[in-house]
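The two complexes that follow have chain A in common; it is paired with chain B in the first and with chain C in the second.
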Partner chain A sequence: MGQRSNSSSPTREDDAGHGATENFKMTMLPGGYMGKILQVDLTTRRSRTEPLDRTLAEQYWGGHGFGIRLFYDLVDPAVDPLSPENKLMFGAGPLTGTGAVAASRYVVVSKSPLTNTIACSNSGGFFGPEMKFAGYDVIIFEGRADKPVYVWIENDRVEFRPADKLWGKTPEETDEAVRAATSPHAKVACIGPAGERRSLLAGVVNDRQRLAARSGVGAVMGSKNLKAVAVHGTGSVRLADAEAFWFAALDVLKKVVNDPVSFGSFRAYGTANLVNLINEMGAYPTRNFQEEVFEGAAATSGEAIAEKILVKNRACFACPIACTRVSEVKDGPYQGRGEGPEYETTWAFGALCGVSNLEAIARANFLCRDYGVDSISAGATVACAMELYEKGYAPESDIGFPLRFGDAEAMIRATIMLGERDGKFGARMADGSYRLAAHYGHPELFMGVKKLEMAAYSPRVFQGMALHYATSNRGACHVRGNTVAAELYGIPKYVPPDTLEGKEELVRRPFQNSTAFVDSSGICLFTKFAITHREIVAMMAPATGLDFTFDKSITQGDRIWNMERLFNLRAGFTAADDTLPDRMLEPVPGGPRAGSRAELQKNLETYYQLRGWDEHGVPMKQKLAELGLEDFWGVVGG
Partner chain B sequence: MIIHVKLYASLRRYRPGLALGQSFVCAAPDSATVEWLFLEALGLPPEEVAIALVNGIHSERDRLLCDGDTVALWPPIAGG
Partner chain C sequence: MGSLVRVRLFAPFDRLCGRRDVVAEFSGTPRLADVLLRLVEQHPALGRYILKRTGNGTVDFENYFLACVGENIVLPEDRIPDGAEVKLFVPHAGG
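Now for the complex of A and B:
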């Protein structure tokens, strides 16, 4: 049995880590929030709870917001991400677990060992709501266990249990074993073998197949010898004004189920319904971003998935959209079954590797799940390895076999090597394409920013994405500021992808700031094709009883963005890191957008100005005062 | 004039048997627009057509077509 910890209220004499709430008054929160932060010390195998402060809730709202503010207060930006001094936070939003549409989300916040930036990875499923039912808005893991452990949290009881028998297991096996040893009702977040091996591409896997994938947060968990966290709660989320909340929530439900994108295309085809569209536009990065049109797009599209391998849909907590695919390859060398593949995965192991074999792509997806790695970064790393091989920079003797674009079998072999950390080459791949390319003396073949690989939208075609990839606080992620919504689908309003004018404000406010807000609420971003901030705020205010307004929601997103920026600046990043790979400045070689290139420099200066930052990308005093962050003025030199 | 048409996602059910990504040919008068094509020539319900690419470039419904253009059509879709 596990070692039971002592939960107690903090005093100022407690060891370091309680400072988060020093500056805030302690006042009861009427609803939405559970009112508790759980701090779990893996070194001492003790835990304690702190009340969630009202001011923290009012200014940072939840999820992403809580994560960045608490992390900023508690962790030195210079910390070694794989050291015991780094912390790993799970943060739910005030709406998580309320039963509002798609109110399933939680975030995993840490300092990324892949990028050395702040990391905030988002995931759905059922784990986030269960955290709330157990009574917690945030769970913070600190220190390092001396041996592999898992933590079992059932309401206010916290146990540390040995995980030596779990070490080496896939997330599915881990989930099964942990629930058998704790409760069939437990929800489990864990790492796969890649996280145990501290692969910088490892994510945190919850509910067996969902990942908080990017930025190597799984490696942080592995570095703490924390194999899994099981949570079960018998509580529920109080609502300050239930009648007003449900009125707003039912309005959202109606809009979502009547929306042809959310309830139509997503349900039918999942996210991979984009493959043919992005490809026909000539914006579908192919063979490590060498080209932007892929001849195998149709064969590896959402339509093809639906026809050939789709079994059924699956939904997250309280979500009617059910965009998750469950697919199956019944026989042959790529046999397997499970969730996915999503658009990004289909691309990363498809076009980016030049592979047209849908079954092989599905298999790669299942492998990423079993190892517990980010499929975008993993596919991108295999693609980078392919180019290194084809150009003669990485010899076959290092890899062990020919690794060419388009070779599905080799793609799978390389993915397994990456997941297993097999041999020197496998170990290099396991730490991502930046380190791989740099080792072979060709960092220009790394297709990403701040060591995080880019996603499935060409920045040579989508100028908004060019600016967003370059400035996103966690590196070249797409989802934090997915301007493709405006630059293609016309949400909120259509702007041509090649236009430069106005792109800075487009990236800054309706995308970057807005997404940070949504990621704080606990609602899934995919509702935002049907609804806006207004509908989300209309639920948050009655759920929490706090004075949340639309205008405040914009400011809140801005506040998060600036805090993350300050963290990164203190961690050593500069404006020079807001850049793109050189290849993105070369013209697209073919297709409808031949000749197009990323025009980043033209937008960057204006973007800084609009953000209220100086020419070095440092938030200025006036901006910080506007956000109530005047105390942070001067933390960055210059 | 001759227009090459591609239908994707749920619009494919209006041309069963057409291979994914394959285009079919449609005759059109010189003054044909994108809207004329999907409303009159193809008989698609207008609310089902959200995105039109003409030769790979996003086009509004009132865009005039030229001989040999490829028009690809999608219902409301998005992604992440």
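Now for the complex of A and C:
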């Protein structure tokens, strides 16, 4: 039997007002928010709740914003990410669970053991809404359990249960076992074997197959001996002005279902609809970014997935798009069934490894799901290992077999080694491509920024992505400033990929700041092809009853970006970390974009100026004052 | 022969109408379009969500919601038999 804490327990410190929100003044919130933060101490196996503060909501809005500000206040940036002193936060947005289109998202915030930066990973499915139905906007896990546990949260009740029998199980097996032991209605977020083994590529897996994948947040969960969190709630999200909310929400729904990108391409072909488009542009990184055109793109495209292995679409909570693919390889050596592969996974195990066997790529995707690892970083690490092998830097005696680009079977074997931490080479791969390449004395073969691997958009072609990869607060992440929307789809307006002019403002405002805002709302980023900030704000204001405006949303995104920057600076990062791999500064060797390269330095200087940062990348006093962060002046040099 | 049709309203239409179902009587066998227009007559606020004004002044229906009889999707020109229950909903994945 697990331990139980309840409202009469002396271990519970409800409404104490000291802890997560002590920097904020307490007042009630009218809607959108559930009004509570749950703090779970795994060391003592006690929990307590605190009220969510109105000022925190007004300044940081939810999800991403809550996570960053609370984390900044509660955790020393110098903390060892895998120590009990690090915290792991799950945060939902005010729209999560309201029924607004695609409002399914929650974030996982921590200090990344992969990058040592702030980590904020994001996932859809049903877990985020269920957190809200149980009554919580944020759940904070701290400390470390002495033995593996899972935490069962049902409305106000929090139980700590032994997870010894779950240790070693895949996320799907864990989900099934936990729901059998708790409630069939429970939604489960857990780690797979990779998180247990503290692979720095491990993610948090919710709803069996969806990952808050990047930055190694699953390793943090594993370091806390926290195998799973199951949550079930019987509440609902209160709306401050239901009629105005639904009017705005149905207007958004109409736009999304009539949009050729959000509802057209993503519904028909999933995210992998991008494979042929990006490859035709000559911007599809191939064989560890050595080339930018992949000869096997058509065979591994969204169209090929639809024709060969697609079973059906699947949707997250309140989503009409249903971009998730459920695919199945029915026979042969790569048999399997499940969600995906997504665009990035198709690329990472396909073009990046030179593999054009779609069934093998699907198999690698299923392996990542079963181990619970980030498929982008895992595929990129295998690709890096292939280049290390082909150039003679990593000997076959270390790997155990020839690991050549294009060899599907070798790619699968390497992925299994990574997931299993099998041998020394597997253990090195499990900690990502930077550490692997550095071990063999060739860190220049790591294709990422701040130790996070880049995704499937070449920064040698998309100059906006070059600047974004270099400056993104969690490393070379593609989603938090995906200028490809403008540089390919023309959203919000077309800007040619190879031009430099205006890219600094494009990256900063409509992408980085905007994404920080969207990820705070609880809405899926994929709606942004069809709607703008204004429409999201038009839902948030009546949902919450707070005075949210378009202008405030811009400031809010900027505030989050700067808070993350301050955290990273305090953790020891400098302007020298805002860079790209040398290979990206060299010309593309062939294809339609031959000669193109990332022109980073000029854009970077202007970007700092537009951000209100000095030449060292430190936010200046005036900027902090503009964001209401003047108290943070002087926490770092500048 | 008259027909009696029940319209069952799912979220958010139930919240917008303030009720979960509506019963309407027709002199013949109505089309779904007739049922929806009657619904808007009884609950005018619903019009702004489900009706779409076309360029030539006629009325069309928005395409983001679905109507079903049993497990079959019905379209505006489909006839709704006497005694049928029409379910009106937004095709979202639920909790």
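Following the convention adopted for this analysis, the second predicted complex is superposed on the first by the 623 of 638 C-alpha atoms of A that agree within 3 Å, B and C clash if a C-alpha of one lies under 4 Å from a C-alpha of the other, contacts with A are read in each partner's own complex, and residues count from 1 in each chain.
As a convention for this text, a contact is a pair of C-beta atoms (placed from the backbone, for glycine too) under 8 Å apart; a residue touches a chain by one contact, two chains touch by 3 or more.
Worth saying up front: this structure is predicted, and the values here are computed from it rather than measured.
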Contacts of A:494 with chain B and chain C, given as first, second, both or neither: first
First, second, both or neither for A:271, with chain B first and chain C second: first
Contacts of A:304 with chain B and chain C, given as first, second, both or neither: first
Most chain A residues touched (candidates chain B, chain C): B
Contacts of A:343 with chain B and chain C, given as first, second, both or neither: first
Partner chain in contact with A:467 - chain B first, chain C second, else both or neither: neither
Shared chain A contacts, counted only where both chain B and chain C touch the same residue: none
Sites on chain A touched by chain B in the complex: 259-261, 264-266, 268-269, 271-274, 276-277, 280-282, 297-299, 301-304, 307, 342-344, 478-479, 482, 484-485, 488-489, 491, 494, 496-497, 525-526, 529, 591-593
Interfacial residue positions of chain B with respect to chain A in the complex: 6, 8-10, 12, 19-21, 47-48, 50-51, 53, 55-58, 72, 74-80
Contacting residues of chain C [partner chain A, same complex]: 11-12, 15-16, 45, 48-49, 62-64, 90-95
Chain A - residues contacting chain C, complex: 97, 99, 101, 126, 129-130, 133, 242-243, 246-247, 249-250, 253-254, 257-258, 315-320, 322
